[in-house]
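I have placed the structure first, in the form of structure tokens, so that the comments after it can refer back to it.
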Amino acid sequence: MLVVMAANASEQEVRGVIDFLDKLGVAGQPVGGPACTTIHVVSARNGIDSRQIRLLPGVTQVVRDGKAYKLASRDHYPADTVIKLPQASIGPDTFTIIAGPCAVENEAMAMRTAEFLMSRGVRLFRGGAYKPRTSPYSFQGLGQEGLDILGRVRKQTGIGIVTEVMDVDHVDEVEAAADIVQIGTRNMQNFSLLKRVSRSSKPVLLKRGLSATLDEWLMAAEYVMSGGNARVILCERGVRTFADHSRNTLDLSVIPAAKKSCHLSILVDPSHGTGNRDHVMPMALAGLAAGADGLLIEVHPDPPRALSDGAQSLDFGQFDLLLLKLTELAAVFGRKLN
Amino acid sequence: MLVVMAANASEQEVRGVIDFLDKLGVAGQPVGGPACTTIHVVSARNGIDSRQIRLLPGVTQVVRDGKAYKLASRDHYPADTVIKLPQASIGPDTFTIIAGPCAVENEAMAMRTAEFLMSRGVRLFRGGAYKPRTSPYSFQGLGQEGLDILGRVRKQTGIGIVTEVMDVDHVDEVEAAADIVQIGTRNMQNFSLLKRVSRSSKPVLLKRGLSATLDEWLMAAEYVMSGGNARVILCERGVRTFADHSRNTLDLSVIPAAKKSCHLSILVDPSHGTGNRDHVMPMALAGLAAGADGLLIEVHPDPPRALSDGAQSLDFGQFDLLLLKLTELAAVFGRKLN
Amino acid sequence: MLVVMAANASEQEVRGVIDFLDKLGVAGQPVGGPACTTIHVVSARNGIDSRQIRLLPGVTQVVRDGKAYKLASRDHYPADTVIKLPQASIGPDTFTIIAGPCAVENEAMAMRTAEFLMSRGVRLFRGGAYKPRTSPYSFQGLGQEGLDILGRVRKQTGIGIVTEVMDVDHVDEVEAAADIVQIGTRNMQNFSLLKRVSRSSKPVLLKRGLSATLDEWLMAAEYVMSGGNARVILCERGVRTFADHSRNTLDLSVIPAAKKSCHLSILVDPSHGTGNRDHVMPMALAGLAAGADGLLIEVHPDPPRALSDGAQSLDFGQFDLLLLKLTELAAVFGRKLN
Amino acid sequence: MLVVMAANASEQEVRGVIDFLDKLGVAGQPVGGPACTTIHVVSARNGIDSRQIRLLPGVTQVVRDGKAYKLASRDHYPADTVIKLPQASIGPDTFTIIAGPCAVENEAMAMRTAEFLMSRGVRLFRGGAYKPRTSPYSFQGLGQEGLDILGRVRKQTGIGIVTEVMDVDHVDEVEAAADIVQIGTRNMQNFSLLKRVSRSSKPVLLKRGLSATLDEWLMAAEYVMSGGNARVILCERGVRTFADHSRNTLDLSVIPAAKKSCHLSILVDPSHGTGNRDHVMPMALAGLAAGADGLLIEVHPDPPRALSDGAQSLDFGQFDLLLLKLTELAAVFGRKLN
């Protein structure tokens, strides 16, 4: 940590900072001349609160050296993480489609969608059994029954399952049903849940929180990784801003930034990102062009009758059009669609 | 629900909307002349997805009539909710201080702080046993040991306890230790947790999410209330914006807006709201002036040595100064400090 | 305009709204049954303040029918606007590159950059003579001398010139020097300036304001168009959000939304959008994939020595790499690079 | 400036930074040990682009020492600026009300309002002759006729005039008519206009931009001050965020932060800040409690018939109620209402 003193900081103020650090049990070493003094803080300890030091007289800025996340950091682990599943591989050489309905509504629609997807070469199915809903009066998902349906879909079609877990008590069941366990936007900082899935044998798809910075997101990944589960996949799904022309603001610029800071794969969810099926195709293509490793995308056999998020779901014909365009585009970027 | 058609919408487009509604099993009644057609949707059903209808050809806007929350709404329950505890009363005639350290660090400091507060007439103590921390490497709270300490603090001093619960599995213990159960910012939309505390016998202090709209916040309250626990207290603690001069942007304007929409009490947390103890006093006073029913505020016997959030904690002397000013101000607004 | 009454609005409240409208000289016609009353407001007048009516007792929502912009609206003018210049054409069939340094620093560098660009088939040159700078102590541009340089660059190389005008007093000179006049982000709602360029014979490149909604942006375009200059080109350059991993948040999702609402072309500025040359290429490609009609991009012969925005400028080698990739990608989308 | 190197930065990377600085003509001095190297940049030159250095290999952070604004900074000028006008004084010991209609609509209403205000002891009148409006089709103000009316209002009642100038060409006339010249939100970074009013003999009321950081706002003040006009008054009027319960988010926490960073007075505009007259009183009182030096507030003899912003204007009775409460509150804070 570095403590930057004001240009006009007095010797007494510099002294004050060093004494304060001393009380915390860490050493501060002043460097630089009178016009620009910095105090280097040498400590192996975590948990020194930089905001406190910031408030001391004469202090201008406190700079942390190094990222708070280690396991997720590309500085420490330069090679890209590749998640290999029996059905598909997620990493820099592929472009992975995870598609399906927002919610598992019944077995027929789930099966029909999975069969359609498999016929198109899509090997991972998304569908929620537990649904986080803003209103207590909205459809909350089929719960265990939904997981059972997903299990039969997997058995019959061979498709891999990606489904959300909302609380610690359901992790066992979701793990059993899923090939990838999803942590939703609203739970990105549900630390109890993160700790629980850090002991899971399944990869974790970690959606970005509605107003999470990149650092907070990677710290959430670090929760999972530091508990022993290194197989984390990031998913950008739009953040909350003042803009009102789309449901959320899909922040594609986080893709190159995340790729630089960490070695994890990153997917894009243009369905939640835009909230509008007419905008899903352009933003899906833009995600691929921006460097994403795949998509999480809502497809429904009959969007107008979907129990949730029908407005942002593609029907099978629209999905086919998208797939066509993605295939062309993936070739330009040397990625293999899977 | 009202579907507003474009000025130049064709008869066929109007027909299309009505047919679409018909497929969903609800009736649409077109009203208004050719220059401005509206379709009134008559339905008792929840869960019609207005975004879908918005995407139909010729549709300009879809307007929901009525709020999605009912139990929290002032339209339905005009009288202010007053939460009466043995120690204090939270409502429109009082101004309630809930004070204490960010985290329970050990018994001595918790006891000392509680005794100080009781000596000043403050009857509710805040202090975290379970702490949500951005980094897995930061101090995570004492857990059950912290709750035990809080129990002894309550027993010895008589002060009421407000403490956070972070997951469903700990609700029993937290309920036993607390007079008010706190749901933190990051859990405002942890729906499993909301459902669990909706069956609690203790009042719930519900902090606003980092980027929650007022409606989403009141829907979260509705989760608690619709499960049977009507004793919800709101707490504004700053939202996330582009502004970088304070840790969060304390949104005091939500106070009059919330008071108009719902009948619940609303507190302000100027400690998290500003992240800077120098700004706590002005924002605490501003909260009272804006119509808040009380404060959640961090006080620590030795802020520089606090294990978390020391930068935003007042020491006892600063707290005394604040109390003095609050007393004067509360008199102007006809509120009794408690 | 539609005034939606609350479900429990009294007859007297409905009456109150109609009387209020009457005082404003417009007629209100109540429609719908008791459970859901709407008042249709029939008026040719602009300037009825919907927020006022919103505050009347019993009113739930006020809905405007139709957009406030007319000339920019695709509802009124469905065909895409194509801007034809001697050097290049901007519209749905092309992908137009406007490249060059942030500021014109001296004649040699401007000439060298223009010659490089022409050799690569780029026909439009960007470069600021007047520079809006946050600090009064930063380099403010060469002013008239910069315009003179641009004139010589155009004469010698044949490249078209795009340059910013910052105030009404300089419009004449900028118009004389430029093929496209640029209105910068900070001036998107400088209405005096918009009115002045609405009388210009040159097309106007209108950058989105730092926190402008799509509607506000199109209303700014309407200022230019309603004054008689229909040749407006939009340019997305990043908006301000909480996100701190890039200088601004490039909002590519505004592209499909703008294309739906208006008939104007829209460019993307990935240089200002990201503030980081390493992220320019992915976001430029993503812009093309999202449906943009071209790029505004910073190129500098020696970015480390640039007087402004060197961090986000590509050098010639990097620009060549980008061009290569853009060419491949444009082919996929059936657009001709120019 | 300080360049903080990554923990694992190589000697070559440190060398690279120093060489880069050398090319820019400034010296870099490495300090600190191998675990944490910092490079101190010693230079009197402005305009070194820190973002460029940030992108060099091995660099983690670049820290500027000192604020970019000097004349506005409290570090350099610790004493509070007091603006003394014949009618009123703006500074830390007073609480100054500037009230009046959004726009000057006609002489009768302006005169009536001014007389009412003078009878209540309010000595500064606000009212726009030039109005910035989002739509070109909205009422744009009376222009010179409005200024003439303001002149007669001042002459007849003795009230001081605060009115907005929107462009360089009108500054002479506005200066002649006004006691304080207002720069509106949309023009906070209209640098040409800032430079022009920096040569004015009248104080400048500088509203915060819709998404301006505190530093940007103070840099805009610096534009005015560095041109020779030290009499700048800040005015917070709400910023743009995701929140939709009020027109803007009134950021009262900027008051203590601004007071710490600069020596200028700061007012609050609760009318634009909330957009809703029902919320004006609580937020006006909260502004005073948070440390503001006064209010800019909309009052209209007949708000329902106001040509602009009627929804947020108080009528005379509401203003009297507010004044009563402000008087009580000002006493608590030792401020004299004027």
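We just call them A, B, C and D in the order they show up, numbering each chain from 1.
Here, contacts are C-beta pairs under 8 Å (C-beta built on N, C-alpha and C of every residue); 3 or more make two chains touch, one makes a residue touch a chain.
Just so it is clear, the structure is predicted and the values come from calculations on it, not from any experiment.
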{"item": "Chains touching both chain B and chain C", "value": "A, D"}
{"item": "Farthest-lying chain, centroid of Cα atoms versus that of chain C", "value": "B"}
{"item": "Selected pair, out of A-D, A-B or C-D, that shares over half of its residue contact pairs with B-C", "value": "A-D"}
{"item": "Intercentroid distance (Cα basis), chain D paired with chain A, Å", "value": "38"}
{"item": "Separation of mean Cα positions, chain B and chain A [Å, integer]", "value": "26"}
{"item": "Whole-Å separation of chain centres (CA-atom averages), chain A against chain C", "value": "31"}
{"item": "Per-residue multi-chain contacts in chain D, two or more chains", "value": "211, 240-242, 278"}
{"item": "Parts of chain C lying in touch with chain D, wherever the complex brings them together", "value": "20, 23-24, 46-47, 49, 51-52, 54-55, 68-69, 132-140, 166-169, 186-187, 189-193, 195, 209-211, 216, 219, 222-223, 226-227, 240, 247, 275-278, 303-312"}
{"item": "For the chain C and chain B complex, residues of the former touching the latter", "value": "2, 4, 6-8, 29, 31-33, 35-36, 38, 40, 42, 60-61, 63, 65-66, 75, 240-242"}
{"item": "Touch list for chain B against partner chain D, complex", "value": "211, 213-215, 239, 241-246, 249-258, 260-261, 273-274, 278-279, 282-283, 285-291, 325, 328-329, 332"}
